[in-house]
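Some structures are shown below for you to check.
Both complexes shown next keep chain A, but they swap its partner, so chain B is in the first and chain C is in the second.
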Partner chain A sequence: MTVITPTMIGQVVISGLLAGSLYAMVALGLGLIFGVMRVLNVAHGPILMLGAYVTFWLFSTVGLNPYLSLLVSMPLLFALGVLLQRTLVRRVVDAPELSSLLLTFGLSIAIVNLAQLGFTSDLRAVEFMTGSFVLGPFAFSKSRVIACLFAVAITTGAFLFLQKTRVGKAIRAVSQSREVAQVCGIDVQSIHMLAFGLASALAAAGGSLVAVMVAIQPEMGAIYTFKSFLVIVLGGAGNYPGALLGGLLLGLVEQLASLFLTTQVNEAVAYILLVVVLLVRPTGILGGRAS
Partner chain B sequence: MKSRKNAIFTCAMAGAVLLVGVSAGLAHAQPIKVGASLSLTGTYAKPGQYQREGYELCAEEASARGGVLGKKVEFVVYDDQSTPATGVKLYERLITEDKVDAVMGPYSSPISEAVANVTEKYKKVMVAPLAATTSIFKRPPGKERRYIFMVVSPAEVYLEGLIDIAAKRGLKTVAILNEDTLFAKASAAGTADLAKKRGMQVVFQEAYPKGNTDFSAMLVKVKAANPDVVAASTYFDDAVAIVRQMKELNVNPKMLGVTVGGDLPEFYDLLKQNAEYIYGASQWETALPYPGQRDFVESYKRKFGREPAYHAAAGYGGCLVYLEAVKRAGSLESDKVRAELLRLEWKTAFGEYKVDQDGFQTAHKMVLFQWQDGKKVTVWPDDLAAGAKVRYPTPPWTQR
Partner chain C sequence: MTRWLSPPALFLPVGVVLVLLALYPMIATGYGLRVMLQLFMWIALAQSWNVISGLTGYVSFGHVAFFGTGAYTGAILMTRLDLSWLSASLAGGVAAAVLALAIGWPCLRLKGPYFAIAMLGLNEVLRVAASYFEGLTGGGLGLSLPTLHASEPLYYAMGAVAVAVTALTFAIVTSRFGLRLMTIREDEVAAEAMGIDTFRYKLYAFVLSAVGPGIVGSLAARDQGYIEPISVFPLITTITMIVMVLFGGKGTIWGPVLGATVLFSFQEMVWAHFIYLHQLLFGAIIVAVVLAMPRGILGVLQQKYNLPRTL
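Right, the complex of A and B next:
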């Protein structure tokens, strides 16, 4: 029907990479929890939603720049993450996987419903930056470019932290083998709390960044939980660079499927890709940790 | 197990029952009891409550004006928690246990669709003021419904005004986008038909899944198709996201219209000046020259402390239509009231009422408004627009 030109493909690739960088950051959090604790955190999306609300309230009450609100939303939800891990999640870390799924699923319903009670279901938005930077024939959405830059910076920071620092190395050690890490004198409990907090902070950053792009409401988080699952399975569960690759890939696939096929099928195409990856490389593209 | 379920059910009922009392002094006659289930909790809670307020006001005023058939009018309202299955149970209960004299419709198409089977079974007339899906009324042969009546305009004609204005201005091409759900699909299909009838060409049509947040690829294709008009069958989040991304990707149709969501004040709050020039469809607005409309808006504001939404007006208007048919029939008997409802041509504060033999609404008019300086200005149809001018064409994003 429509003739697809290289310019159109270029524009769509740009949009896909911009979206993918956000998916990667949010999914890295989910992957971190799974890698360290073998817990699938269904409440990851709802935590992202809370991050978006922090940005909204700060913007609408004191007019705080939404990007500066990252400085509030990330520590705040880091603390909430630590608290959740300490009070609830730690009870299911060694339990069968179904228990942890049930717990985080319940947690997710509770967070969403509390948000509906506390914030109401009214749609909110942060009207901060609209329009785009234009470069030749291509348009770069301002809010999405900035979100991408922050996502890249935050993700890089998280990586360096995991790769270079002692604590980061301890986190990776625990995710490789908890028993050996414990024998080496690593305090596994603290590492679990730290990982859950860090993951929640990554989700919060995602929330603060999407707050400027989409309508904010208590149920907005669910799709990010699903997309993050998809990303970490694509990239390889427990493999942190894999989450990055998976995120970018998902962003690209969604947009290219929308362009060449229709928007209606973009999710289907993403899931078909997942099935193919699982058939060809069951451990994900970069290979997950063998369990 | 069964008794426990019943106990829970009864308990829920006891908690939810709401007898809308009326104070007028027609104490000697038994009041006419009108039953309805409405979504007072759950996803449809807000519109469901508005609809209840419309019913309530209608009953109160009818009773104060001397009642119907010499009796007061009272509503018996239960909460269906926004689920069709609960609605079905509640209408069974209203008809068989509470033995109400009449019923009115619930909120939303899915629940109306489900409870219509109950009201048909007991041959009860049901005016369903907030069911806009054609398939509830237009049924395959042998499955026709005889006792359900429509009040609002159907999904298919939501953007009739947009197409009409475009065709009159000589625009030739339209791109249609819609969420992939029942109502939005019906409305997109209807818009495409209307456009073709007016000699316009549909150059692009695509659906997107519910919850989609990134429309760039779709809009890149729209931009390449370069349509004069973009018509989007939306809910709310999607309408906002589409407008934002159209700006980002510099997609510049001469007219942009959305179905649902564009009429909410939040639409402008979110988009600010970017909402200017955008057209939206609405079943009803507070400033239309319908008989009794000003009185309705005033008494509603006095009673509930805010402006009525169209859900309240539709509930109010639907209730008036039903009571009028009862008056004309001189009886509450289903078949007599049905005959009157089929014959009735009437105007309420909600607008025109007239149905065809299937109870399908044919007279109620949608209005098209345009956001102008932060206000919704009704620009179509001409007789309701009161001389308001369309701001046309929509300037490119770069020149605003």
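Right, the complex of A and C next:
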């Protein structure tokens, strides 16, 4: 058993927050879809995967800076999200969770299969930035720090949008009560499409940012779907600040688990955390909707 | 007018089919036998999912967890303790039931989407655990079982499980217990108000729904001769059983049998020709079933022709 020093704990806490900020951003998208439409979107991870491929292809063909590719991947997948909502997902809005889970699972395997056909299953990497920042006793991988900064900026932007703009207020109104929002003259159908588009753009941003850090392959998305589910349940489904808290918490717990146990079990630890939270507070830490 | 569909009237045709299936190994090729064995497996899995999710409405989105648990329990007992495959598979069923009790006790208090997510998580965690405890499970390398000499005994065993789970569903649907479960599905608060101990009956149904997949998992491990974490805990297996039930008719007795038979035949006949596209096709089938016929074939027929609920 190795001795665990305060420096190690500090390092782990910071790494956890770096990873958590990405989880929070991606899960905010999933939470938005659930909050506005009561749809559990299993295809969220595969959309993230598409975002990573956009970055990879732009980098490997025209040498575009991976961080600039956010400007392409986010609008592109926003459009795909709007299209998916408009054509398919709108039909399971408000249906029992089984319908939305199955429909989006069907979409999910179709997207992954198309990616395998189009991009092959080869592992791809964007070799853009290596090395670390060193600060006193701590060292942080550059790509993770920059990804965290982007995630914080994008998440803040999304929050300001939800909080301050008229459209953002309309989105929150629809997630509080669709009927009342409709009576107030809000075009609920457009809000649904917009929310799905925004959520897909957030997933795409996640994909573009992780493209620099991990191997890119068609099945990389599933783990992010799973983590995003954990995050929105931890924070309270339909509760947007809760998604942030849940994301940071998940990042921290995973890193602490890998320090005290091993990296292989961090999913299991996160799951146990989830079950405990659900038992103590069935609607999540910050409270969400019962169903 | 629907008397010819009532349970006693169905005994004869069902009996004839069972006798034919029992005689089938006499003329079957090795391939044919294994195809039928897999069909029995899917019937048992779909029917088991139907017991918890079709009858109570609680979506078990990680039901393959019980299949995998049975597979690992059986394989470990067969390789490490040299147990016969028959007793090992019964042990697999028991292990799955124990897991269902342990997981159902906290998780069945959760409502709607939360239960679905908790079950999805359970499956992910078991897969990780199976790779992690290498000493017992062989980790990512998996476990190899000794060579299998004859498929006939497995054919009968798998068939017996499929029949038993269907008979169990019949017994449940036609009992007060089944009525309680369906009351929970329609309105849990009202069920509670009527004096039904909803949590207890949900837990019974959940444990019953885990036994079949546990036994089947162990038999499938014996049949395949090799298991690894990815092969026995795939999310797609859960989805396949759900789609089979949905296609045939959720909450009915014969719906899962019908759905499993149709979809499995389709898979055997069509997908083999589209190796690179079969996930895409399956995705399209799922979307089509969810959008076009969420009540399933029997659900639609029951509504249209006022057929008995016990079909």
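We take it that the second predicted complex is superposed on the first by the 289 of 291 C-alpha atoms of A that agree within 3 Å, B and C clash if a C-alpha of one lies under 4 Å from a C-alpha of the other, contacts with A are read in each partner's own complex, and residues count from 1 in each chain.
Keep in mind that, in the parts below, a contact is a pair of C-beta atoms (placed from the backbone, for glycine too) under 8 Å apart; a residue touches a chain by one contact, two chains touch by 3 or more.
Keep in mind that what you see is a predicted model, and the values were worked out from it rather than measured.
*Asks:* With the two complexes superposed on chain A, say which partner A:Ser228 touches: chain B (first), chain C (second), both, or neither.
*Replies:* After superposing on A, A:Ser228 lies clear of both chain B and chain C.
*Asks:* Looking at A:Ser73 after the superposition, I want to know if it touches chain B, chain C, both of them or none. Which is it: first, second, both, neither?
*Replies:* Touch partners of A:Ser73: none, neither chain B nor chain C.
*Asks:* Quick check on the superposed pair: does A:Val275 touch chain B, chain C, both, or neither? Answer first, second, both or neither.
*Replies:* second
*Asks:* Taking the superposition as given, does A:Gly106 touch the first partner, chain B, the second, chain C, both, or neither?
*Replies:* Only chain C; A:Gly106 stays clear of chain B.
*Asks:* In the overlaid three-chain picture, which partner chain does A:Glu267 touch, first (chain B) or second (chain C), both, or neither?
*Replies:* The answer is both, since A:Glu267 touches chain B and chain C.
*Asks:* Looking at the overlay, what does A:Val12 touch: chain B (first), chain C (second), both, or neither?
*Replies:* Touch status of A:Val12: first partner only.
*Asks:* Do chain B and chain C touch any of the same residues on chain A, and if so, which?
*Replies:* Comparing the two interfaces on chain A, one with chain B and one with chain C, the shared residues are 222, 262, 264, 267.
*Asks:* Note which residues of chain B are touching chain A in the complex, please.
*Replies:* 46, 180, 204, 206-209, 211-218, 220-221, 224-225, 236-237, 240-241, 244-245, 247-250, 266, 269-272, 274, 397
*Asks:* Touching residues of chain C toward chain A in the complex: what are they?
*Replies:* 53, 57, 59, 61, 106-107, 109-114, 116-118, 120-122, 124-125, 128-129, 131-132, 235-236, 239, 242-243, 246, 276-277, 279-280, 282-287, 289-291, 294
*Asks:* Which bits of chain A are touching chain B when the two form their complex?
*Replies:* Interface residues on chain A, with respect to chain B: 1-5, 8, 11-12, 15, 19, 121-123, 125, 127, 130-132, 134, 139, 141-142, 144, 210, 213-215, 217, 222-223, 254-259, 262-264, 266-267.
*Asks:* Sort out for me which residues of chain A touch chain C in the complex.
*Replies:* Touch residues, chain A against chain C: 34, 38, 40, 88, 91-92, 95-99, 101-103, 105-110, 112-114, 116-117, 222, 226, 229-230, 233, 237, 262, 264-265, 267-268, 271, 274-275, 278-279, 282, 290-291.
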